[in-house]
Every structure is written in C-alpha cells, then in structure tokens.
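Next come the structures, one after another.
There are two complexes below, and they share chain A, which is joined by chain B in the first and by chain C in the second.
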Partner chain A sequence: MTTVNISVHHVTRVEGHGDIVVDVKSGEIRECRFEVVEAPRFFEAMVRGRPYYELSHITSRICGICAVGHATASLRATERALGVEPSEQTQLLRKLNFHGEMLDSHVLHTYYLVAPDFLGVGSVIPLVNTHRPIVERALKIKKLSGDLCAMVAGRHTHPIAMTVGGFTHLPTEQELRDMQARLVDARADMDETVALFSTLDWPQFERETEYISLQKDDEYAYIDGRIVTTDGFTYPIEDYRQVTNEECVPFSTAKWTHHNRESYMVGALARLNNNFDQLHPRAKEAAAKLGLKPLTTNPFLNSAAQVVEMVHCVEDAIEIIDELLTRGIQPEQPPEVTVHAGEGVGACDVPRGTLFHNYVFDDDGICIEANCIIPTNQNMANLNADMKALLPQVLDRPQDEIRQLLEMLVRAYDPCISCSAHYLKVEFV
Partner chain B sequence: MATNEKPKVAFFDFASCEGCQLTVVDALQTHLDLLDAVEIVQFREAMTEKGEDYQIAFVEGSCTRKSDEERLHRIRKQAQIVVALGACAHTGGVNALKNLHPLEDVRRWVYGDKADWYETYPARPIDAVIEVDAFIPGCPIDREEFIRVVKALLLGKKPSIPDYPLCVECKLKENVCLFQVGKFCLGPITRAGCGAICPTYGDGCEGCRGLIPNPNENAMKDVLAEAGLTVEEIMARFTMFNTYPLQEAKR
Partner chain C sequence: MGKQAVIGIGNPLRGDDGVGPRVVEELQRRTLPENVSLLDGGTGGLGLLSLLENGWQRVILVDAADVGRAPGEFVRFTPDQVRMARTEHALSIHNAGLSDALALADALGRRLPQMVIFGVQPGVIGWREGLSAPVEAAVPRLVAAVLRELQS
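Coming up: the complex of A and B.
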C-alpha cells in the first residue's frame, strides 16, 4: 500500500511563504493541505486613526505585485464613503493603469514562475542561456507593463499619482502615443506567448467549482460592478460579506472564505468563466487556441486564462488610449473632498481575483475601522479542496512527481501570500 | 571579496510586500549583465534552487515575531555582508504603524478571538536584531540605487547613501515646491536618493527613505501647521514610515 510523506517548506516561485503538507499511510490520506506561514502584518489595524487621503498609499504596501489593485480598491472605498465621483478621464486612466498591472503580474506568473515547471528547470535564470528568445520576450513585456504603470502613476510599485478622486500628475498626449505604439508592437509578442503556452502539456484534472468574480454590463469587469457566481448568485459589492464569510483557520495566517459550497475560486479563470463574452475578440481567439471556454474546471488552466487576459489587456489598453487621445488630456485637478462620517466598499478584480476594501470614517475623515478581503485568502479553501481531490488520482506515481504536481497546483492559483497574510511552503511529513 | 569566484548572493524576506525584491527583478531588465558578476544562490520568490553558501545577503522586511530572530541570526552567521533592502528592513516601514496601538488591540481587531493562534510582536527594522552592513532605503527601493550599492559592494567599498534632504534633488529637477501649490511634503527632513519621485508626480514626500541626520523636526512641524495640517495630520505624516525610529528616539 502507498505511503507518501511530503513536506515542502516554503514553496518556491510564489509570492510569500506557504507550506504543503501531505501524509499518506497505507493508501489512506491523513493530511493534505496548504499552510500559510507568512508573518501576519495587521493592515486593518495599521490604517486605524489615519487620515482618509493616506489609506491608498498605506494599503498599496500590502502587495508589491498588485499595488495598483490595492490602491484602486482602496480609493473606490474611500470615494464611496465620502461621496467623491471620479471624472471620466480619471476612470479611463485608472483602467489603463490597471491593465498595466494585470499584464505585469500575469507575465511574471506565467513566464517567470509557471513556465520553468514545463521546461524542466528550477527558475527562469537557466533559461537565459537555453531559451533566450523566451526570456527576452518576457523581459520586454514586463518592461512595457511597468513603463505603462509608470507613465500613469509614477511607478508600478507603489503608485504615486493616484489619489482620492483623481490623479496628482497626468501623462502627456505624446507619452500616450508612444505607449500606444509599443502596445501595438506587443501584439506580435502576445501571439508568440499564446503559441508558446498552447504547446504546454497542462496536467489533466477537473473538479466542479463555483467561480466568483465581478461583472459589469458594458465591459469585462476589473474595477467596480457587481459580484456574480457560476452558481447563479448576484450581489451588490456592499454585500461582499455574504459571499466571503471569512474565518480563521489555525494553520494559516491567511483567513479562509466560503460561499454556498465549502469553497470557491476567484482569479483569471473565474473571470473568464463568468465574463467570456466581454473579452476582446483577439482574446477570444487566444482562448480558442489555448482550449479555454466557459465552463473550464481545470484549475491548472488558470495560468492559460491569464495568457488570454494578457491579450485582452493589450487590446483594451490600445483602445483606451485612442479614447483618451480623442478626448484630449484635460488638466484636471482632483475634486475637493468634504470630509464627513461614512462607510464605503471598494471592489476590484485584481490579477489573482476579487479584492474588497471596506472603510468606516469619523466626522474628520479619520479611518476608524477597516476590512480588506484578499483574493488569495478566498482561494485557500478551494486550493485545499483541489489538492485533496487530486492526490488520490496520482498516489501511484513516484513521490517526487506527486510533489511537483502539488507545487504546480499551488502555483496555478498564483497565490499572493504577502497579501493573504496579509502565504507558501510544501510539507510532505 | 577579492577572489576570482563570483560572489554568491542570497535574498531573504520577512514581513513585507516583496515589492523591493520585485524591484530587483525589474532592475535586472536593464542590467542583465549583473547576473554575470554575481551568482544568485537563493531567491525563493523567483527560483527553486537553494544554496546556503552565500557571502552577501539582501534582507527585505521587518522582524515581527520571535521565529524571525532565529532566521536573522542564521543569515548573519553565514553572510559576510548583510544589506537591509527597503524601508521595512531599514526603518520598520509601514509595518511599525501597528506599534502605535496596544498590541492586544491590534491582534483582536484583525483575528478576533482567534488572535492567540498567530505569533506577532511590535515590528522592528532588522538592525534592531542583527548587525547590518549597508542599507538601501525606500518604499520601494530605487532600482538605480540598488545597482550602485551592489557595484560598490563588489568593489569592496562601503556604499554611499545621500544624507542631504530630498529638497536638494527636487530643486535640481526644477519642480515647483508643493508648499507653493497648497500641498505639503516631508522633503526638508527626508533623506534624498529617490530623485524626489513623489513630488515629481505631484504628491508630497512621505518620508519612506527615513529622516536625514539631525532633522529639525520642530521647524518641519511648524511649516506643516502653516500649510493647514492639524496636529493629528502632522503626526500621521511623521509616523507613516518612521514610527519605529521616532519611538526609539523618545526612549
């Protein structure tokens, strides 16, 4: 009978610290779980007593990868609490900045963190010699996305010019035209990326899952909208707690969540499953080449869904810049804010899934209560359910192969552990 | 470090957003040749391989629990040079904001009645635990400064970090002073080296690189008060990245 003991302490090529623990004695699975061991950081406590205008700058520090996502969700929560309405130009620039971060995060995950698994190496570094054109393409896309964010908000980690109601600095029309030319040029890199990832031999594994994301009537939702699930539920974002139901688990500094099943999944695959029709036509073509359509229930294909989103973001960024140039950049100042007591919820679908920030302010605009619900936390219960379903299917394989497969599953979720513990190690005990 | 072998470098992280390590990855975009000058033996965020025979350790993040101390001591024992990477390691950064509240309140606000499950104590910069040979300030670090520091270390020199205020760089950039346009800024007492990037993008300095030596804090407070900030807002600006050093100075 099979006995497997796997203990991967601090899973590598993920953002933050998490462990995989597997204990199988005589074919019986005694333990199979993913633990978040990242030091908890207590952001919800840090922002208490701080003025409203600091919050997006403090909470962007939750995560170096999705700093723009945190800043955007934070600003939306503050704006809703204080009754501030961002201009159309601000909304367009925020979307553009968001596309830059989505591209940056997805290229980092798919090329730097996932691709080495399929190319049989431990990191992207040996690929510099063996697969130079691939690495150079990744670096080029990474630089493009970073430069895009820098053009809008000064830098990607951590954005500077994003403020309550608007921006403290605006890109010039010449900068927008130059950036658009680079995005058009990046179409060829996107084609190569789709071609590369459509050749990968994704692990075969299916598990029926509830997928949750934001949704909007008029576009593929990243900022604002309503909460939808593939089980047919819809909620306004203010009711996020009915969806997330956060709870503490003793072996994880990241809290777990569940909706009407024991777990659900958020992220690129969830968005694709909910909002496929709103993808750009070129992104739909990419999805067809990668074998993705709703409803896709293989979690390993979350990385492929990220490739589809990369195509979407490049195309949509090109169109947003068209719109900005047609309108002309207006030298707007952020609107005056009148502070008063209030509560607001901001929601964004950041690279790893749906993110909620919720603040309560006193009469002076000082934050007196905060709640941040992070995509990686929302995925923890589902990742664990997937691990428990996958393990019995592969128990006859060599231990090293099982270990690698479990690590790949963890990576497919693209966990952002700094965020969640504000979490990765595999432990086969 | 005068050997023919490439120096071995390792990256470690503690309580942080890992944005400084990402900035290192980004710095490599334009300085791929750096990979020819050093051998990276450990960088968990980017690679599977783990080597323990490093000479230079870059440490990102703050020390926030007892178990972090043991890891830091192990790193110190192995490395000839320990570099604090970014504000969390250098001044405690935003992590130390929780030190402004009673620890038990902080734990209860976030984890409720399950607070005892999770180990934590007040956040500290890493030099509060181990000796540190060099600092790269900032939230996040500046890419070019990172490259300059690495070059200096490889040449066996002590890296030089500016000790003049941010205003110097801001003036050189010919920015309009933010105080002139009704905004406010911590530039007069904050260590330069970032190219005054926040004021350049229209947002006042938040002091992420730490304060200059002998800062005139009282004059700064007067200027901020004249700009219309309340006492609470002034304290908020002072403590955003510098809670730990300001609290230590009062001890």
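Coming up: the complex of A and C.
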C-alpha cells in the first residue's frame, strides 16, 4: 500500500491564500484543494458608489501582472453600458497595449517559472549561473514588453492613459517606428525562445476537458468577441453567467465554475484550441515546432501555448504599428460621454484566460452593482480535476518527484494567487 | 546630484500595502527639485528591475515591510544592511516583490543605483481601500523623512 502525504505550502505574504494540500492515503485522494486570490469577493465593494470614469483606474490595481487586461475589460463594460463606441485608432492602440502585456506576462511565466523546472534548478536565480543567456534574453523581452505598454498607456502596471472611449495620451509616430524596429529585432529572441521550449521534456499527461475562450470572425481574439467552447457552444459575452456557473465549494473561499462538464479550462491552450487558424503564420510555425495543434489536451502544454502566443503578439504588434503608421496617428480626444443608467459586460482574454467585468450604473453614471470573474477562478475546478487524474498515475514515484510534478501542474496554469500583495519581510543582519 | 527617483511600491486596494503609493501621492503635492521623479511602482514584481535600471543616481523606495515594529513605525535601511525574505520557487509569478527583483539583479551583477528603502510596518493587509489609522498617521512623518533624504 502506498501512503503519501504531501503538503505544498505556497509561500504567501498574506495568510489565507493558496495552499495545495494533497493528502493521499492508501492510493486514494483524501483532499485536494487550492485556494486562490480573493479579489472577486471584494470586487463590488471596490467599485460600488464610484463614478464610471474611475472604474478602470481602480480595477487595474487588482493585479500587477494583468493591469492592462483589467483596465480593458473594465472600460469595455463601461462603454457597453453607456453606449460609447471607441474609434478604430483606439481599438488598434488597445490591441497593441494588450499584446505588450501578454508578452510581458508570458515571458515572466515561461522563463522565470516554467523553465527552471526543466533546466534542473529551483528558480530563476540559480538559472543565472547555469543558463545566463536565457535569463538575459528573458529580461530583454520583458523590457521590450514593458516599454511597449508604457508607450501606449503610461506605465505597464498603471495604464493611466487608458480611459473611457479612448486615450488621454497618444504615442508619436516616431515612438511607434522605434518600437516596431525593436519588435522586428525581437524575432530572433522569439526564434530562440521557441527553440528552447521545444527541447523541454514536458510531462506526459492527457486529460481532455472543455476549452473556453473568446472568438472573433476576423482575428485571434483577445478583446471582445463571443464566448466559444470546444464542446460546440457559443454565447454572446452578455450571457457569461451561463458559461461560468459559479458555485461555492466548501473548502475554498473562491467560487468554482463549470459549464458542460465538471470543469473547463481557460488560457493560452484554450485559445489555441479554439482559434488556432487565426494565429499569425509564424506563430503556427512555432506551434508545429512545439508539437501543438488543436486539440491539445496536455495541460502542461499551456506554457508551450504561451510561447506560441508570444510569437503571435510580436508579429501582430508589428502589423498593428504598420496600420497605425499608414493611417497616421490622429489627435483624437476621448468622446464626450452622455451619462445614463445602464448595464454592460466587458470581456477580454487576458494572459491566464477569459476575464469578465460587469457593471450596472444609475442615472448619474455611478456604479451600483458589479461583478468580476477572473480566469484563475475558472481554472480551479479544472486544475483540481487534473490533479485527481494525475496522482493515481504517478503514485509509485518518489514523494519528491510527485511533489514537483504537482507544483509543475499548478505552475502550468500560472494561477493568480496572492497577486498584488508583495510586502517585504526583512531580517536585520 | 544626478537623477533621483522616489518609488512607492504597493497596492492601494490592499490596505496598508498601499502606503508606498500613498506617500508618492502626498509628495506629488509638493514642489520638488527638478532632478527628482516620483513613481508609483505598483506591485511591479520583477518589473521593478527595469524601473530601477533607469539611469538614476539614487532611488528612494517606500514599501510596506515586516520590520518587526508597531504598525506605522518605519525603518530606513539600505539593501546591504538587511536580509530580505525571498520567494523560493514560487507557484506563481504574482509573488515576486522587491526582494526578488534585487536578488535577480545581484545574481546578474547588474549595476543598480544607490538605494535607500523606507520599510513601513503595516497593520492591515487585505482587500480594502485606504490605510489603517496608525499607518495613515505615519504618512506626514514618512513624507518628511523622504524629503530629508532627498536633500542629503
């Protein structure tokens, strides 16, 4: 009889968040739980009573990694509620900004968290000694993505120039040209990235689930569109609650979601499974090198799908800048907003999956009701189901190996755990 | 003196974690020397590295920190004076903070600007806006301390 007792405690800076507690006796899973960021529970309290124009600035603070994602979903919800239609230039700039954040988040996740698992080191710090060029490349890509976000919307973690209907600050054509040159230069880094990740020995594990993402007719969807699932369902984003079906689970403060099956997955792999044909040709080449095509059902490959998306974002950003330069940057002001009562839903596919913001406004444009569903909460039931399926397959392995495999599985989802709590613990020496 | 920056780190939606940005907000109402930039570092994590590598001669950071004092009390220190708890191989990139950014810079042998850190003991960290009373009460003293530091 195998008796394994594993408890992987997430090093939190705030109590009450993310632990994996896996307790296995006699080959049976007794407990398998994981707690995630609690932001959605407090979402309404953050925004209720605040005027419409403050919401994106407040909610962009929820997550230091997805500030642009939250701001964009927030703005779309507000714009849909108040009948504001952003100009084509605004839409292009938002997409460009989004690509910057996607690149930023994916490079951090794949290089700093995923790669060390495969390269036999505990974290990115020892990686400096063993694989310095890899770390330098990651930092270079990270700088590029941060500068791209800063060019469009102010600082990445605080996209202050993004506002209802448009931007309060516009990049100059020279800035766009300089950024485009750096993106073209980054193609070589992308090639190296694909080469690196295509050599990794991904754990063998298949578990098909329902993959859910946004979809658009004319492009690989990140902002707006409709909700689609690999089980053949399609919904307008206003009907997001029919997809997310949130429910409380006894051992977690986070609500879990399910749709057509016991769980579903959102994120890069779900997007790739739904929208593969719309990836940039270079991203499709990367997918082929990484062994990805629809339908990929190994959740560990979510990280590989992120690499594919990095290539897509670089290429698409180059093309968006072409389009902006051809059109010429117009000195647009955000449109006047006529305040009235209304409700709107904004949806974006942020790095970790589909994010929904939902607001109700009163006659004065004050938010009176709000809801937010983050990707990590949607993935929790699926991660749990993956763990339950994976454990029996690996129970005969040494405990350390099981622990590492479970941690790697969690990392593959890159959950938003104690996101935005970062405070220092200091010991004087 | 070359370019200087005051960077407030933290999240205003998480109670006293927002003390850094709060101090920066106060400083924005003051007239400061032209060579001083005020930055809201948010919860930049490893992104703080590129923020620090911006050609500053000196950077003053204000961050919530467990310095073993009563809430609102703060300690001035430089990175070489302390050992900062670092996140070991984390489950999420959302964990990274100033200590991780500095450790990475150190491993890479990056030349960072001269740094002074004001670590403020938080009282309440959680999803709520605004600082707790003892930390809010410390803001004027923190602002004064940062201003003195800028003049030194």
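Details
Here is the rule we use: the second predicted complex is superposed on the first by the 404 of 429 C-alpha atoms of A that agree within 3 Å, B and C clash if a C-alpha of one lies under 4 Å from a C-alpha of the other, contacts with A are read in each partner's own complex, and residues count from 1 in each chain.
Criterion: a contact is a pair of C-beta atoms (placed from the backbone, for glycine too) under 8 Å apart; a residue touches a chain by one contact, two chains touch by 3 or more.
What you see is a predicted model, and the numbers here were worked out from it, not measured in a lab.
Residue contacts after overlaying the shared chain place A:Cys248 against chain B, while chain C stays out of touching range. Of the two partner chains placed by superposition, A:Gly267 touches none, neither chain B nor chain C. Contacts of A:Gly122 after superposition: both chain B and chain C are touched. Once chain A of one complex is fitted onto chain A of the other, the partner contacts of A:Pro171 are absent, as it touches neither chain B nor chain C. Shared-chain residue A:Glu54: touches chain B; no touch with chain C. When the shared chain is aligned, no partner comes close enough to touch A:Gly225: not chain B, not chain C.
In the superposed model, A:Arg411 makes contact with chain C only, not with chain B. In the superposition on chain A, A:Pro299 makes contact with neither chain B nor chain C. Of the two partner chains placed by the overlay, chain B and chain C both lie in contact with A:Gly146.
Residues common to the contacts of chain A with chain B and with chain C across the two structures: 10, 12-14, 38-39, 41-42, 45-46, 58, 61-65, 67, 108, 112-113, 116, 122-125, 128, 139, 142-143, 146, 155, 157-158, 418. The part of chain A that touches chain C in the complex is made up of residues 8, 10-14, 18, 20, 37-39, 41-42, 45-46, 58, 61-65, 67, 104-105, 108-109, 112-113, 116, 122-125, 128-129, 132, 135-136, 139, 142-143, 146, 155-158, 407, 410-411, 414-429. Across the complex, chain A is touched by residues 13-23, 25-26, 29-30, 32, 35, 40, 43-50, 61, 64-65, 68, 93-95, 97-98, 100-101, 105-107, 109-112, 114, 117-118, 120, 139-140, 197-198, 200-203, 206, 232-233, 236, 240 of chain B.
Across the complex, chain B is touched by residues 10, 12-17, 38-42, 44-51, 54, 57-58, 61-65, 67, 108, 112-113, 116, 122-125, 128, 139, 142-143, 146, 153-155, 157-158, 160-161, 163, 167-169, 248, 250, 253, 364, 366, 418 of chain A. On chain C, the positions that touch chain A within their shared complex are 9-14, 17, 39-47, 49-50, 63-68, 75, 77, 81-99, 103-104, 107-108, 119, 122, 125-129.
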